[in-house]
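Here the chain labels run A, B and C in written order, and each chain numbers its own residues starting at 1.
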Amino acid sequence: MLREQVLHNKSTGKPTFEGKERMEEKILQVEDLQVTFTTFGGVVQAVRGVTFDLHKGETLAIVGESGCGKSVTSNAIMGLIPQPPGKITNGKVVFKGKDLTSFKKSDLRKIQGLDVSMIFQDPMTALNPTMTIGEQLTEGLRTHHKISRVEAKTKAIEMLLLVGISNPSERLNQYPHQFSGGMRQRIVIAIALICEPTLLIADEPTTALDVTIQAQILELFEEIQKKTGVSIILITHDLGVVAKIADRIAVMYAGKIIEIGTKREIFYEPTHPYTKGLLNSVPRLDLVEEELEPIEGTPPDLFAPPAGCAFTARCPYAMEVCNLVYPVATSLSEKHKVDCWLQDERAKGLFN
Amino acid sequence: MTNLKEVEIKDEWFKPKAKNLEKAEMVVRPSLSYWADAWRKLKKNKLAMLGMFFLIFLAIMAIFVPIFSPYLVTATDYPSQNKAPSMTHWFGTDEAGRDVFTRTWYGARISLFVGLMAALIDFFIGIIYGGISGYKGGKVDLIMMRIIEVLYGLPHLLVVILLMVVMGSSLTTIIVALTITGWVGMARIVRGQVLQLKNYEFVTASKSFGAKTSRIIRKNLLPNTMGPIIVQMTLTVPSAIFAEAFLSFLGLGISAPFASWGVMANDALPVILSGHWWRLFFPAFFISLTMFAFNVLGDGLQDALDPKLRG
Amino acid sequence: MIQYIIKRFFMMVLTVLLIATLTFFLMHAIPGSPFDDDRTSNPTIQENLEKYYKLDQPLPVQYANYLKAIVTFDFGPSIKKPNDSVNSLLARGFPISFELGIITILVAVLSGVTLGTLAALRHNGIIDYLAMTFAVIGISIPNFILATLLIQIFAGELKWLPAATWQSPLHMILPTLALATGPMAIIARLTRSSMLEVLTQDYIKMARAKGLKPSRIIIRHALRNAMMPVVTIMGTMLAGILTGTFVIERIFAIPGMGKYFVESINNRDYPVIMGSTVFYSAFLVFMLFLVDIVYGILDPRIKLHKKEGESS
């Protein structure tokens, strides 16, 4: 597999969001990340070697079935894997040139919430029911910057306005139950952005919301990205969401990224049989309804994942080689990579 | 990466794979019945099993020791009063020369009897009251629940004490007093479970009413609803045992010459500073161990029967 | 807020009235006169006594008098201690019992919550294991047994602490320990399980993602939420502590209300029994009322006060 040289980025000043430079500067590199959980039933290999990178101002979507390791990947980047039972057994998370996996907890805390922020799936549970919105908004700010209550409050009001909540100064003293679901997600986003992070990880930020609110929240993401230049890792099941705001897409299956490429490449030239299946299993405008077909079967047991391609059992093109050896990564273009034996010379012409 | 470790990739591997072999991968864990599953889980809980074995042992001893002991529970023998444990009196004797060993196991009888009776009677009253309340629903339910709400606010042990004062102290009055106040918790739980069942019946009946429904209710639902009720019963027992001992200790329950652990502890009170440790130790030890056993068994049952925790 | 308090208050009065009535009729259901067993079984003396204690009047009148006594808080004279009124017994005993109760509650809540929290934070670790073993044992030992054992060990064998009475802080250690261990164990277990539950909540994850210090996450974010189930069981717990004071005061010869109450039970001093029962119940019900209000304060979702601008 390709193993790129770690890029050490020396610039630590305030990010500049102008010009072409924007898409080139790498702010995050995840390399061969492996995460396991020790449970009563055995060791779950939740993430089994994930590699990708992320540029400034870019939105990378990670898609895949439930349980494929999307959340674990994002928690590992954030340094939020509960240890024990979890453990990062291998790999690096290089953020602005520094490997976060080697950080002490206290050093990690200086990055969490300040440089890297996170948004969770369910806005109904992501806010503490016993604390006011104001306190939840400002506590991160007041932890990272030694600023006064009044300054923090001003900033909080500014953030609430940014995410589209009216009457912010009164709202600050209210509790989460006094807001609707969509408003709560806006507040969660405001909390995540209040320290002006360089990287925002959104773990299924719209799954729990109804469709109209979803659209509003996605627009909010775009708007905020334009304003602040934040890089976003967006985790989702929902390819509709991906189509809307992602620049690049990584498809995960059983703890690995099996295909990654630009949105265009993944949507129009999907190469991995799983990616194709995934695209066929969701309603799209250019497909008639009857062509929809869910992928049959279930993902493999992550207690004992197969040595070869984990999709073998469900793959319509599976070959003898597939479950014996893991396929080599093939680069189809500068940004498009896929892990599948079908790309091997010897498989050409086998299926048609 | 690692899985590529110079494995030679043979050309003949590149041919379509026989599909049917893969189906074998989806082995489903044999689905055990609710009770078998609960029992399997309970067996894994060492402490709960230990508690259960101790209780069985206690029951056997409680039944047989007073029968086969050479001493009568009430038999006084003043010349050999306050004797330390010895070969003739294994747990020593009390101030009237009564055999503490025999009295301890007699006390176990009383405790177990009170505990089990209280749990059983609570169960029946609870089933009837909670069942009616949950089944009838509407106004009846509302009124019945209001009554429970008020009763719930009463300080139970205080009411029990009053009842004991009025009814006079005996084993029967203890059980009556305990159940007059004790059924409320059970009734609440039963009502909740009945509501669940009713809800389910309603849903399935409106969809399709086949022979299957009754089977589902019998096989899945009834056991599920019985779970909390059984747990509640297991936890009623130690609290009833405590209440009996408490009352007897206050002089409101069983009284000397008959023995209950509470009475024995009460009798030992004046002499605890004079070195007659066995007078207090044995009843104290066994009452604590018994309550401990019921508590860990109750905890174990709670884990084993909890439908939420079922894998 | 007002509406909520009024509703709770109404329930409170109802409960006290119920107990008072229950007590009254139960006491009068006892056959014979309370003076039957007195040495002076001379009929005229008995009659005079009954007249003095107004026991010769018809039941409804007695009931009315009794309710009046409750409202005016004047429970009349004691039968067996002619020099004492019920009021004076209560006035003498209550402060001591109250002191014992309050110290017990403080000890139980503070140490129970600490222990439960530590156990949850070290889930499946040694501290967790030890704390929970201690808790099950603590729940299993009846308070009066523990009291006698403590006396035997610390006063009898080791002679470190006084065995009885309520004079100095040193005297208070054993009774408080005996009375607080059970509630403490229950609180520790409950705190642990509710803390474990709270720690898996998204808002805790979110607090971690903000880079907050662990101490702040535990104290500010987790503890308050984890305390709610603990507050719910406070009612039962208070009742347990209250009845616990009866035995504890008896064992340690503490001159509190519980001691007088038990004495009055043993020598059938009906006015004292009735007076104390009503007082105890009223006190307990009032404490439950306070607990409800505390719960309302802890959980902003309970609408104690209506605010404008609420959505949803």
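One rule holds for everything that comes next: a contact is a pair of C-beta atoms (placed from the backbone, for glycine too) under 8 Å apart; a residue touches a chain by one contact, two chains touch by 3 or more.
Every value quoted in this text rests on a predicted model; they were computed, and no experiment measured them.
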Relative to chain C, chain with the most remote C-alpha centre: A
Ranking chains by how close their C-alpha centroid sits to the total C-alpha centroid puts first chain B
Would you kindly tell me how far, in whole Å, the mean C-alpha position of chain B lies from that of chain A? 49
So how far apart, in whole Å, are chain B and chain C when each is placed at the average of its C-alpha atoms? 25
Rounded to the nearest Å, the gap between Cα centres of chain A and chain C is 53
Residues of chain B that touch at least two other chains are none
Given the complex with chain B, which residues does chain C contribute to the contact? 11, 14-15, 18-19, 22-23, 26-27, 29-30, 136-137, 139-142, 144-145, 148-149, 151-152, 155-156, 163, 235, 239-240, 242-243, 246-247, 250-251, 262, 265-266, 268, 273, 277, 280-281, 284-285, 288
Inside the complex, what are the residues of chain B that reach chain C? 149-150, 153-159, 161-163, 165-166, 238, 242, 245-246, 249-252, 265, 268-269, 272-273, 275, 277, 280, 283-284, 287-289, 291-292, 295-296, 299
Per the touch rule, the chain C residues reaching chain A in their complex are 201-203, 205-213, 216, 220-221, 224-225, 298-301, 307, 309-312
Please name which positions on chain B make contact with chain A in the complex. 1, 3-4, 7, 9-17, 19, 22, 25-26
Okay, in this complex, where on chain A does chain B touch? 1, 32, 49, 297-298, 300, 307-308, 312-313, 317-326, 328, 341, 344, 346-347, 350-351
